[in-house]
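Sharing a structure with you now.
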Amino acid sequence: MLPLELDQLTFSAGNAAIIRGISARIEAGPRTVILGPNGAGKSVLMRLCHGLLTPTGGRIVWHGAMNGGKSVDVRRHQAMVFQRPVMLRRSALANVMYGLKLAGKSRNQSGLRAMDVLEVVGLAQHAARPARVLSGGEQQRLALARAWALGPDVLFLDEPTANLDPASTQDIENIINAIHASGTKIIMTTHNLGQARRLGDEILFISNGRLMEHTPIDKFFRQPASSEAAAFIKGEMPWQ
Amino acid sequence: MAMIRRILLALALSGLLAPAVWAQQFITVASTTSTEQSGLFKHLLPVFEKKTGTRIRVVALGTGQALDMGRRGDADVVFVHDKEAEEKFIAEGFGVQRFEVMYNDFVLVGPKTDPAKVAGGKSIIEAYRKIAAAAAPFASRGDKSGTQATELRLWKSAAIDPQTGKGAWYRETGSGMGPTLNTASAMNAYAFTDRGTWLSFKNRGELVIVVEGDEQLFNQYGVMLVNPAKHPHVKKELGQAFVDWVISADGQKVIADYKIGADQLFFPNAGR
Amino acid sequence: MNSLGEAFAAAWRLIAGFDAELAQVVGLSLQVSLIAVVIATLIGLPIGAMIAVGRFRGRQTLIVLLNALMGLPPVVVGLVVYLLLSRAGPLGNLGILFTPTAMVIAQTVLITPIIAALSRQIIEDAWREYDEQLRSLGARRINAAMTLIWDTRFSLLTILLAGFGRAAAEVGAVMIVGGNIAGVTRVMTTTIALETSKGDLPLALGLGIVLITLVIVLNALAAVIREMALRRYG
């Protein structure tokens, strides 16, 4: 699937321009974290890449896929975890199996794979329970399990721990690293600079719909190239 | 999967809608509310059903609607009480032959207080004149029933157009005899009704019979087989069997036997 | 007040006595309306779901139309179905006028828009919540529709009850297409109408109480089922 190329990507909703011409090339390998102030367009950018929104201009090309990723099935190789997990009204296990069955796996295969993933994320004992009665942290872990079970090449995460307590946050971060270790590309947005430091290998800094910086993580924090980035870091971590 | 199960369940349930009784032969008789609501049919029809094994399905509407049903071919036999309309039905070719079956009479009912002072009178025309003059409330059926047809003929004979009182004292309910009597009872109004319905009507309120016995109040019932030439699917043998029985000595006796308390409601007069 | 007391007395006598004729009338009422609800659901639910998740020209107009059809007057539906099924009408050859089948058809026509319009609303509301997640997991519109139907099943159950209530309570349609034939197409509502016509108001009211009681029992049952299931599925 990767590398992913964004070429002069624009997106407007109504009269408002949200993404104003972003060009970037995202390679396989490093964990990519998208940073930026509120309203910068991070979530919209992720949704464009994942195909949930259609750009109003520019191109999105998945160089590693057939046809540059023109077919809808490109989404089969991606998965996304949202800030608020949306659980179906069924058991935890059934939730994880859902995507697998949609992809054509048999009930048996789906069940086995789902249980495996639930084991890894530590939810195996809750497999039969209705997903909606699980705690926030457990539901987000379940969402990760559901996404991971599909075996995606790319996993998008939109502020996955924004609503969670520190303990749950740590669980989620560990799982994300595990997923990365298994070969999946991580592309994630976050507010939390500490989290960015822990989970990021490279940073895309977005401000006002434009890509300000695309740099390895150390360089970003030591020597932000743009004044917006510098202000952002200072604003989020004023003691820096 | 759940879909298929649901469809099968629905089919099975609808199988319940075909109980054994449906295998039995039946005819559809379009009749008036007076024959059904007075209880005559409940008394009369089981005798025929037992004798012949043919079920009678009665759809009780007004005379006008019953004849329309016959014209559309939705009934096998019509049993109504409006001689003019019935003869028209035959003339139009929708019926085979008209047979007189039985008669009863109409009565004028009204509030005990009798604002138009018609009680005890022997002339219906006189009573109508007094009611119009006093502009006393009068509840009319306002539908195409046999009763309505007679009521209107009598207004005409009295040289009164009740429509001039429309909305004021002449209230057309556009409904059957029962609902009209309910309305009359609630409004303390006069009403023109057949005796059969009146005798079995339970919500009289303050209403009593105020005028009866006038020979103008004679109410003749007729029965006709719907013409199979016009509607080939009509069950002509079974229908004719019913017509024949109702005018036979047997059927006529059963009609005469029907009483509410001590009152006979319908008087058989076939073939006379 | 007196008639109300008489009515309850009549209702009690009816239930305690429970003669064969009443049983037949009650049974037929339930059959006709239940079957009508089942068929209306089989037709209306998929329509509601597809409109909810769909995107096509004229969608808004269709929604407005569907909502408006909820207000179809039963007597008008009865009349139209009557004219269709009458021997003089296009489907006269089927010979199903004045049968319970005709009544089921009329009631189905009456409640399908209710089920479609209300389920459309419920599913569309859920779709707004589930939209991105389902698409992310690879669901096409038709998958989404089916998933949402299952996920909103408890709310949908309420809609089915509303549909059943509407069917069981109406008299205009079944009177015209059924003909209120004793022992064949007489149901609770037409019996009530008949007894009212005959001026036997306490009996009519009594029957009305029996009918309402039945509907309450059914709703209570549904509430119990809903509670049990909610506890299981969350």
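When the chains are written out, they are named A, B and C in that same order, and each has its own residue count from 1.
The rule is simple: a residue touches a chain if its C-beta (ideal position, glycine included) is under 8 Å from a C-beta of that chain, and two chains touch if they have at least 3 such contacts.
A quick note: this is a predicted structure, and the numbers were derived from the prediction, not measured.
Each chain gets a centre from the mean of its Cα atoms; the one farthest from the centre of chain A is B.
Innermost chain of the displayed assembly, by C-alpha centre distance to the whole-protein C-alpha centre, is C.
Centre-to-centre separation of chain B and chain C, using mean CA positions: 32 Å. Taking the mean of the C-alpha atoms as each chain's centre, chain A and chain B sit 78 Å apart.
Taking the mean of the C-alpha atoms as each chain's centre, chain A and chain C sit 46 Å apart.
Not a single residue position of chain C touches two or more of the other chains. Considering their complex, residues 47, 50, 52, 75-76, 78-80, 82, 85-86, 88-90, 98-99, 102-103, 130-133, 146, 150 of chain A touch chain C. Every residue of chain C that touches chain A in the complex is listed here, in rising order: 129-130, 132-139, 143, 147, 150-151, 153, 232-234. Chain contact summary for the complex, chain C toward chain B: residues 31, 34-35, 38-39, 42, 86-89, 92, 95, 97-101, 104, 179-184, 194, 196-201. Across the complex, chain B meets chain C through its residues 3, 6-7, 9-10, 13-14, 16-17, 21, 28, 33, 37, 42, 57-60, 71-74, 176-179, 181-182, 185, 200-204, 231, 233.
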